[in-house]
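For reference, chains read A, B, C, D and E in written order, and residue numbers begin at 1 within each chain.
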């Protein structure tokens, strides 16, 4: 099946490059360990054979579209990636007419480890309710019926603790954070050229490496993604010290679903919950 | 956290309703505990969640945001946006160990001086009972 | 349901209905039953009467037990549902009870309760049509052999075919047109009058005849004042009240009340060429035949 | 009309709230415009009018409502509900009041009307369908007007309006079962 | 390095009685950047203000903190004070140690500690204050009045009287509105036309007023003081510059149609003026019904015989004013202020099937009755029934038709019906003493000067019988109408045989009120009535500066109220126009284009459309603030993740440093 996906992607890529629809196709190729895929940028039809698609294609290529100078580009997107695409379209970071979207019905992505095969599905795939891309100009694979809502067992588990335990838990996490900002770089929702975290005036996050500052960073990072996070779990996957970052996003995702019946990136025009409102909604504050 | 065991409460009051409400509490001599420190903001919609998180990170024991009643916002819609942001923020804070009780949002009109005093009194008592924040 | 081809020579596709006559049509309102069947036959509409059908409970159940008033019609709905055909109902009372029950059963808790009462699985997946709606369907062409020219008809719908409009599916609860249009297509002139949907008092017929007489007389005399030759009805109760007591009214009001009251199916029958005998036009207490003769329709 | 004593209003009004919850109608919405009465075909014969029924419920005057003739003279024609400017289904309320009055075993202000209904249902339980003649006779006997409408019989027979034997259906037993079940379930619910 | 001065006020004993003021002063002296601190008995007194001015000179202060009463009390006072000493007025901060401290706390030590904290916060904040300068904007000293009813007329005349130019836009061919259709007015019974027409003429003749009849507002751009409005001038087909309004054309025109002005009770010609006293008194051609147009549109294929070419008006016009070439045109005008007075229309009773749904000729609306009663109306004041022209004897009035009725989506009270019905009952009796009027009402609402007396008069003197109850059914019975109601006071149904029924149809917002509101960016209710800035205190202003509302476009109102609101709106407009320039509050948002990523969350949340898109030199589309529209709420600041937007006077830096003084002590 995967190989057949690869074929379809290659053919489409060739066609797009030959008839000049796009000047670059962003897809996946086999990495240097000969196992796990890495992003590939194809400019000539001759090179399309490099393209592959399999269950190691973990990267969200949508982020490469953020370069506004680029001309028309084709990009291969999985279900979750497509939600990121919608998010960025709605926030006007990508010009739709310059992007040709090759949607791939995602088979599920495995944990990629250097130089070894893994059949272990990634965490995000357990949560995933969107294997079929929500936006695409060309679809590879047949749309699948999606699973019922993911339950938020992980969140519930954390909430079972006392406030004191939770405080302590996040305190420990904060102590381990080295503020390398890998989470930010990997996140499709984090694209600001100047991040609040590096602003010296106002100094929201002090430059000293201290738990309080890291706590501040992690909290606001999560909150800036409230109602925007497409739960791809990249932040957590790339974290060098394995902080449970998604847990924060998941908590907010759950609440956003409950209060606003909203899932980020499902459509290009549904406004994110924090930039809209209903006059007579009950949200459990000041009532 | 403030040295004295008395809890430190930071209040953000919208200029048009709640700040005026607090003034009314003054003119009608409605007494309340002195723990609260009041910042004037144009609108509850101006209160940045980052600011609230910062308050807690820096050791405040509690935060109060007060704005116009829904429908009465001087800027028509400010408190509606605020309401959504705060609803989510409070969940996140609680999830991270800052008990939801410590972050309060209230709608106080310019005429509700006595009510403002009562809110602050109850809030302060509750916070004193809970004691200072653990951790950080 | 298949739509009739207007311009084609093949025989019109047959319409088939389950048929629920209701108690009256097997007794006092036999003529309604007979005329309805004849007309349907003529128009290629097949009626299959439900076997062992039971009473709808009428206003008696409605006024005494909410649950019973739903349970009895629900049983009939169940029967009809099993047949998988739309249900045609001539009697306005039965029709109203069935439609209202169907409507109430849309509520989950009601559905459960009534199912428990019948000890049967109920579904709301069945269509109930009044005989009037069945026959007034404009896509059915009417082979009129004896147009009702020179006949002015006051169409009377009563309560049950009008209210509540959203449940009954009435085109205009204050001034319905379904029957009027139908009579128009048969060549009759119709009266525009203001009591088409006013109540005749059926609910309390025996115990408070005084009320029935007052209400029915008001209806009859207004219809008469519009110059109507007869009243067309689609409800056995209305028919009984308007037809049966005209002598009493004449006595009471010292002015002759004599206005034939016919089932709309009987008028259709006449236009489609059936004889007064076939249509049981001799079964009314206010004899319509003299008037019909005078109009050359009998 | 209303009783000859002053109305004493208590602090809580259970009747109002129970009627509202039971019928799903907002009685308090009624502003007494009287359109219900104006269009009611039998209002002229009622002791208190539909509008007054609504008012009495608002004030919690249970007896005035349940002992009124109005609830029994209501013809369920639904004209009031159709035209109410406050969108109250008054007919629904009247119906509920009839049921309540029966379930409380009150003596109906129009007992003949109730007799009529019972005789009717009796026929239905007997034969599964209504048998007009039997129905008529039963009513006359139970209501104690043995000769009402008797004068009409010749005419009716002449026009073959009345059959001499009831229409029998296997459904009859079904009806009896349903009626019993309904009674039982309704008792359980109250 | 800024030099901050702190002035702590005793406010007599109001503050000093609880807060240890000297202690606060001492503490203040220790605060960073504070070079001077002092106390006053009454800082707001001339003496206190002088001490501030002197200190500014003496100690070269560049920022000032006043610890006293609420800023809502004296912020402006002290801004003037520092300005007088040559400081920018925005380099001032107030610490509220009275309302928020001494008046609500009794423990002296606690109060003092809190006062010090508040001074500390103010110091921290003032240190980050910048000099701010209100922008001055020029303005166009002209007003646009939309709607030529009595409200619009009043507003236009009042504005014009102050010497400002006014453009009055009216959709219909003549001004006058609903009031022109009325016969008499309550409770004084003076003739509507007699009091209105002079005003209509004044409008036409006033040198400062340009009347654009038969025109509509299409687009509105810009902001307070500087609106740019596109107005559609519908083609009249008559050159009004030549036309003298002699009337020959409309006397001769053969194209007869039913008259809108007479609500179908009379006829007008295809070239017409809506009514005799119309202003302008010059005709327009209704192309729908003009014979020449039918002649032009006719084509062989449809068969039938060719209609006559007509063009009679053209032939007989003495001034050759008929202009078949005229086209709709759009003109763009500049204005400083806009008054919206689009008025109301009456409820269409045909939705009431139980009242005949409009199919009984003798069931008419109150406005139709006005036309029947008017001497200038289709029957020259004879009140006769439309069906057979018979004189009426038994007249039934039905109140609240399209009012107080949820079922037709009109739960509100239309306010004027009770009174105009009383008027009708009185008038009919005066027309013919044999007339008997019956009025079905729910409540008689007669709140207003001489109103109750007037409503009583209808019953006491004119003998109208008032029946408390809403009519349920009206039907034709022979020549007459049967009316079924209840007398809810006696509790019995009532049946009346009437030869005329008059329905008191309620008030509705006029057509397209909502579209216009959107064009003007002002809000409106679900019934399309316009919403004022504050229902009590700002009744003619709106949330959009420079746009004012008046009359029944805001809600059901009677004539005196409409006129009053017209004048009120005029004053507000004039107050605006009489300024030489407008000062924009400098406490607005500001965007750092370098940080902006162009997600435009700010644009989505801004309630005032103040966010505009701007392309930077490096071709990025970023947001920028239109400071004339920005009201300084700061919603955009919070919506902006990268922190590209800030709010002057309440910058994130300032709020943050205030907080830090509290937590890092």
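Rule of thumb we're sticking to: a contact is a pair of C-beta atoms (placed from the backbone, for glycine too) under 8 Å apart; a residue touches a chain by one contact, two chains touch by 3 or more.
Keep in mind that what you see is a predicted model, and the values were worked out from it rather than measured.
Between the contact lists of chain B and chain E, the overlap consists of A. Comparing mean CA positions across the assembly, the chain most remote from chain D is A.
Note: the chain lying farthest from chain C is B, by mean C-alpha position.
Summed over C-beta pairs in contact, the chain pair with the top total is C-D.
One simple way to say how far apart two chains are is to compare their mean CA positions; for chain A and chain E this gives 49 Å. Centre-to-centre separation between chain A and chain C, using Cα means, comes to 65 Å. Spacing of chain B relative to chain C, judged by their CA centroids, is 69 angstrom. Note on chain placement: the centre of chain C and the centre of chain D lie 23 Å apart, centres being C-alpha means. Residues of chain E in contact with at least two other chains: 354, 473, 605, 639, 652, 656.
Shown for chain D are the residues that touch two or more other chains, namely 79. Counting partner chains per residue, chain A has residues 196, 204, 274-275 touching two or more of them.
Across the whole structure, chains are in contact as follows: A-B, A-E, B-E, C-D, C-E, D-E. Of all residues in chain D, those touching chain E in their complex are 1, 31-40, 43-44, 48-49, 51-52, 79, 83-87. Here chain D touches chain C in the complex through residues 41-42, 45, 72-79, 81-82, 95-96, 98-99, 102, 110, 112-118, 120-121, 124, 128-132, 136, 139, 143, 148-149, 152, 155-156, 159-163, 167, 169-172, 174-175, 178-179, 181-183, 185-186, going by the rule given at the top. Residues of chain E touching chain A in their complex: 594-595, 597-601, 604-605, 619-621, 639, 641-644, 651-653, 656. Contacts from chain C toward chain D in the complex involve residues 23-24, 26-28, 30, 52-55, 57-68, 71-72, 75, 113, 116-119, 159, 163-165, 173, 198-199, 201-208, 210-211, 215, 244, 282-285. The part of chain E that touches chain B in the complex is made up of residues 70-73, 96, 98-101, 103-107, 110-111, 113-114, 117-118, 121, 523, 543, 587, 605, 607-608, 631-635, 637-639, 647, 650, 652, 655-656, 658-660, 662-665.
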